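Down below is the structure, laid out as structure tokens.
To keep things simple, chains are lettered A, B, C and D as they appear, and every chain counts its residues starting from 1.
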Amino acid sequence: MPQGDSLTAAYCLHLGDDALIYAQRLGEWISRAPQIEEDMALGNIGLDLLGQARALLTRAGELDGTGRSEDDLAYFRDERDFRSVHLVEQPRGDFGFEMARLLWFATYQCELYAALVDSRDPVVSAVAAKAVKESAYHRDHAEQWVLRLGDGTDESHVRMQDSLQAVLPYLAELFDDDEVSVAAASAGVGALPSALHDAVVERVGDVVVRATLTLPHEVTWRSRGGRIGVHDQSMGHLLAEMQHIARSHPGASW
Amino acid sequence: MLPTATERRTTPGSFDELIAAEQRIEPRDEMPEAYRTTLIRQIAQHAHSEIIGMQPEGSWISRAPSLRRKAILMAKVQDEAGHGLYLYSAAETLGVDRSELLDKLHSGRQKYSSIFNYPTATWADVGAIGWLVDGAAIMNQVPLCRCSYGPYARAMIRVCKEESFHQRQGFEILWTLARGTDAQRAMAQDAADRWWWPALMMFGPPDSGEAASGGHTEQSMAWGIKRFSNDDLRQKFVDMTVPQAQKLGLSLPDPDLRWNDERGHYDFGAIDWDELWRVIKGDGPMNAARISHRRRAHDEGAWVREAASAYADKTAARAKGAVA
Amino acid sequence: MLPTATERRTTPGSFDELIAAEQRIEPRDEMPEAYRTTLIRQIAQHAHSEIIGMQPEGSWISRAPSLRRKAILMAKVQDEAGHGLYLYSAAETLGVDRSELLDKLHSGRQKYSSIFNYPTATWADVGAIGWLVDGAAIMNQVPLCRCSYGPYARAMIRVCKEESFHQRQGFEILWTLARGTDAQRAMAQDAADRWWWPALMMFGPPDSGEAASGGHTEQSMAWGIKRFSNDDLRQKFVDMTVPQAQKLGLSLPDPDLRWNDERGHYDFGAIDWDELWRVIKGDGPMNAARISHRRRAHDEGAWVREAASAYADKTAARAKGAVA
Amino acid sequence: MPQGDSLTAAYCLHLGDDALIYAQRLGEWISRAPQIEEDMALGNIGLDLLGQARALLTRAGELDGTGRSEDDLAYFRDERDFRSVHLVEQPRGDFGFEMARLLWFATYQCELYAALVDSRDPVVSAVAAKAVKESAYHRDHAEQWVLRLGDGTDESHVRMQDSLQAVLPYLAELFDDDEVSVAAASAGVGALPSALHDAVVERVGDVVVRATLTLPHEVTWRSRGGRIGVHDQSMGHLLAEMQHIARSHPGASW
């Protein structure tokens, strides 16, 4: 188990990789959204997450003793070295799936960053202070859409309900108390994932009810292992796309 | 059709007076039907170009070679969506609505700029689009900030501000590549070679000679929609861009390109108008792909838009019920 | 349910006589219903495993790091499709049909080997699957070549021949990686670490002790469907594989793994049966993804299968018309 | 314009890249086909094409003076250096699209390789001798499916007709007389693309009629430029996936 600076670095990778990989997925929506306003909104959310990722990966590289830059960490790590959860890795689905994913992820990030504002690491704390506002906007955006889709047409109701089901297997992992997070929490740097659970579920549950939907909870399997580098099958394909050009020109500046 | 002399009424505040006085026409003002339809067509084509223009660069968001460049590119493509929105709104002040215009785009009844029918083969293309395509667009658009139709002019002011930012970013991408590895330099030169002529074609056919488009330009000029001829704008673009290419250290693929001291302008070679007409008529490399990408997004989002409007109706009905 | 003594008729050529004489049961022979359903379940599960097993490796066809490896991998995954076909055909001789079995797979009423619910994170996983997973499969399958049910036994002979080829290819991938760059060696070791325990679980729960599966094994042994206990096969696999790991220069993630001179076997550590049960019950990392991938392919192909059968009907009708 | 060995090398890249890229696309079908027999058949066809590609790329590397191996050429060339036509680059569509593409491509390859059996280059000639049989099998396979789908159900008829329309824009490029092919043909190494046109159209046209379909020919645009390295927008994404691992480990053996 890493300690001190390397613990903080490891923890920054958790946060940074979630943000980076979800930004990558959201970027796929640009020019493919249901209306132009949504191309902009999803692009904006992706940009916020990318900004968080850049700050956090830079911090990880500063603290882990390797002197790696944000780009070294984004483009030259292999799949097993990424620390993102399966939820953000899932391939782009329909718009209902994206809103279900965003609702959960942004609500989780709201609680997470609210807790991290008091992190002992000044960079984590500064990122959190900015990100807590961003994620509130992301959450509100998702909430509005879940209400519209849940309480819209018969078709949208069914699709939104199916989407809540589709993201369900990936939720528990957000609240797993992995070793790094536990250590970071007790070092005053991070937040304990399990401590965020109730507030997130309550908030999402409330939106779901107002959207005339029901919160599914029966699940025969659940994702595990993102924080120790065990990823969804789609992750390698995502990385191939993301890293190909950078890796094709080692040592180049852009 | 040109307005006849008798149509040019001179009652105070009339269309002709406003135009003559270089005043803005606003949505509430009377205006000739031909002016209205010309503007709708032009603004819609412009809006469509922004929306379709998201694709060639958008294809590189997932592969941008640094996170900083990825962020800049995402923001840029997002700006293009924003430009599309301003412009559709400007068109809507003329009594059409966005979904109608999008239908016309999707069915091929309205055009978008042919430049977006070329594929983006390398990362350097993202730079070349910013430098050359946005550069040419600005050249076309700056005069539109003084266009006679108020909402269009105001939209263009916002658009131009962002476009010149994009143009600088594109230049900066190529600047970095041109000072990079051999492979990066080759990539930058290749992109300049491929985008130069299509960029020149963005100004449209020549104003005189065999390939000229006839009275179109003249009418638009009289109406204060157009301020400069295609050839004048093209020349301005060449004059501005050649020194930039020199600064970048990139050559341009035209052996006839040289400074003419007498004219005070750069001379340049003959444009392959056949290519332009072919691309305009829909025979561009990416024509079908661009439209089908756009149509697919629209079709796949239909259920979402329907839900949003059903929800808005329900909410309005509930609010009414609550009031009543 | 075990056959009772009175059910064990001994008329010449009867089921029990054939079994006792180690003769093959063929589709035309009478057989106890329980034998038939046990076989259908087992063969179907085996066939499903081949079909689902195409996915973890199939995910690497597009990314295989050399053309030679790409060709080998394509051929291997294709072989798995072939194995699936042989096995579905063997099951069909027992009076079910493939589409029925596929429905059961898609709806979760029939299982496939849980090993395929683990993701393939690196190229080395393709090697580890060949070496360990195919290695374990062969250990399970070789005795099935002498299975009492003829069509199953014959299918297994073909399958085993190809599987041992696949196992060698997997070994060879890891051999190359283990002698490659640091990154390649790390990749190989990581894959061995992740696949070792799941491979041991492929032999199923222990035959005795708390986690034992009860009389199941005993009945299958009596019927000549099963020849060795799970624990015996697992031990054989460990004994075969540990020296191979040494040859590869890879360690195996078990501190208790050591040669026991007295037993003449390798001792190995305790298996995490909770993990096995969890994965079997559907809580494997890729469970839902595997089934939904499979179901999507099936659903997207429905119109094609319908067309093929409509065409076959038309053609038959025309042939009949031509004859009449 | 290259001459002698470098001309033959350039021509081998045309043939080899078409085969390689189409093999890559066909590989995407494995585990996704409408029935298991088709997983096998499409895998088989992909394997045949991959075999052709390997022989031809190896030959190109021998002759062009760079000493590059098949893998150097497949994994370390950039998009602009590939010589494949847009038809084979198109993203995987539905099964009808694939059968339309395969029918045209395999019929084209049949005529092409029949002509190349007499190539002055011994490797091209040997590849052709083998490939002419393979492509006849591929063509027959596609023909059978076009018949089934065209003359199957109402739905399949419509879908197959739409697929013929969908591939139409990419056909003319197969028969473009590009500089390299023209020079290779006059050097007795290659075949003139335009000379293959009529036989291919006749054969496909016959199948289409028997399948109760019509051969579309109205097209407002057509693909161009694959032979000079101008590719479909999807090509870069295909290469990202194909080359990512190889490029991540420069100098490694596999």
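Heads up, the rule we're going with is that a residue touches a chain if its C-beta (ideal position, glycine included) is under 8 Å from a C-beta of that chain, and two chains touch if they have at least 3 such contacts.
Heads up on the chains, UniProt names are A, B, C, D = Phenylacetate-CoA oxygenase.
Source: prediction; values computed, not measured.
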Exercise for the section: Any chance you could check whether B-D or C-D wins on number of contacting C-beta pairs? Expected result: C-D
Handout entry: Whole-Å gap between the CA centroids of chain A (Phenylacetate-CoA oxygenase) and chain D (Phenylacetate-CoA oxygenase)
Key = 41
Handout entry: Approximate Å spacing (C-alpha centroids) for the pair chain C (Phenylacetate-CoA oxygenase), chain D (Phenylacetate-CoA oxygenase)
Key = 35
Problem - Distance from the mean Cα position of chain C (Phenylacetate-CoA oxygenase) to that of chain B (Phenylacetate-CoA oxygenase), given in whole angstrom - result: 59
Handout entry: Overlap residues in chain A (Phenylacetate-CoA oxygenase), where contacts from two or more other chains coincide
Key = 78, 237, 240-241, 244-245
Fill in the blank from the handout: Residues in chain B (Phenylacetate-CoA oxygenase) with touches to at least two other chains are numbered 55, 62-63, 183
Handout entry: Touch-based graph of the chains, sorted into line, ring, star, complete or other
Key = other
Exercise for the section: Identify every two-chain combination in which the chains touch. Expected result: A-B, A-C, A-D, B-D, C-D
Exercise for the section: Going by the contact rule at the top, pick out the chain A (Phenylacetate-CoA oxygenase) residues touching chain C (Phenylacetate-CoA oxygenase) in the complex. Expected result: 78-80, 169, 220-225, 229-233, 235-237, 240
Fill in the blank from the handout: Per the touch rule, the chain C (Phenylacetate-CoA oxygenase) residues reaching chain A (Phenylacetate-CoA oxygenase) in their complex are 55-56, 59, 62-63, 119-122, 183, 190, 194, 281-289
Practice task
Please name which positions on chain A (Phenylacetate-CoA oxygenase) make contact with chain D (Phenylacetate-CoA oxygenase) in the complex.
Solution key: 78, 237, 239-241, 243-245, 247-248, 250
Fill in the blank from the handout: Counting only contacts in the complex, chain C (Phenylacetate-CoA oxygenase) reaches chain D (Phenylacetate-CoA oxygenase) at residues 51, 54-55, 58, 61-71, 74-75, 77-78, 81-82, 84-85, 88, 123, 173, 176-177, 180-181, 183-184, 293-294, 296-298, 300-308, 310-312, 314
Problem - Interface residues, chain A (Phenylacetate-CoA oxygenase) side, partner chain B (Phenylacetate-CoA oxygenase) - complex - result: 20, 24, 27-28, 30-40, 43-44, 46-47, 50-51, 53-54, 57, 70-71, 74-75, 94-96, 147-149, 151-153, 155-156, 159, 241-242, 244-246, 249, 251-254
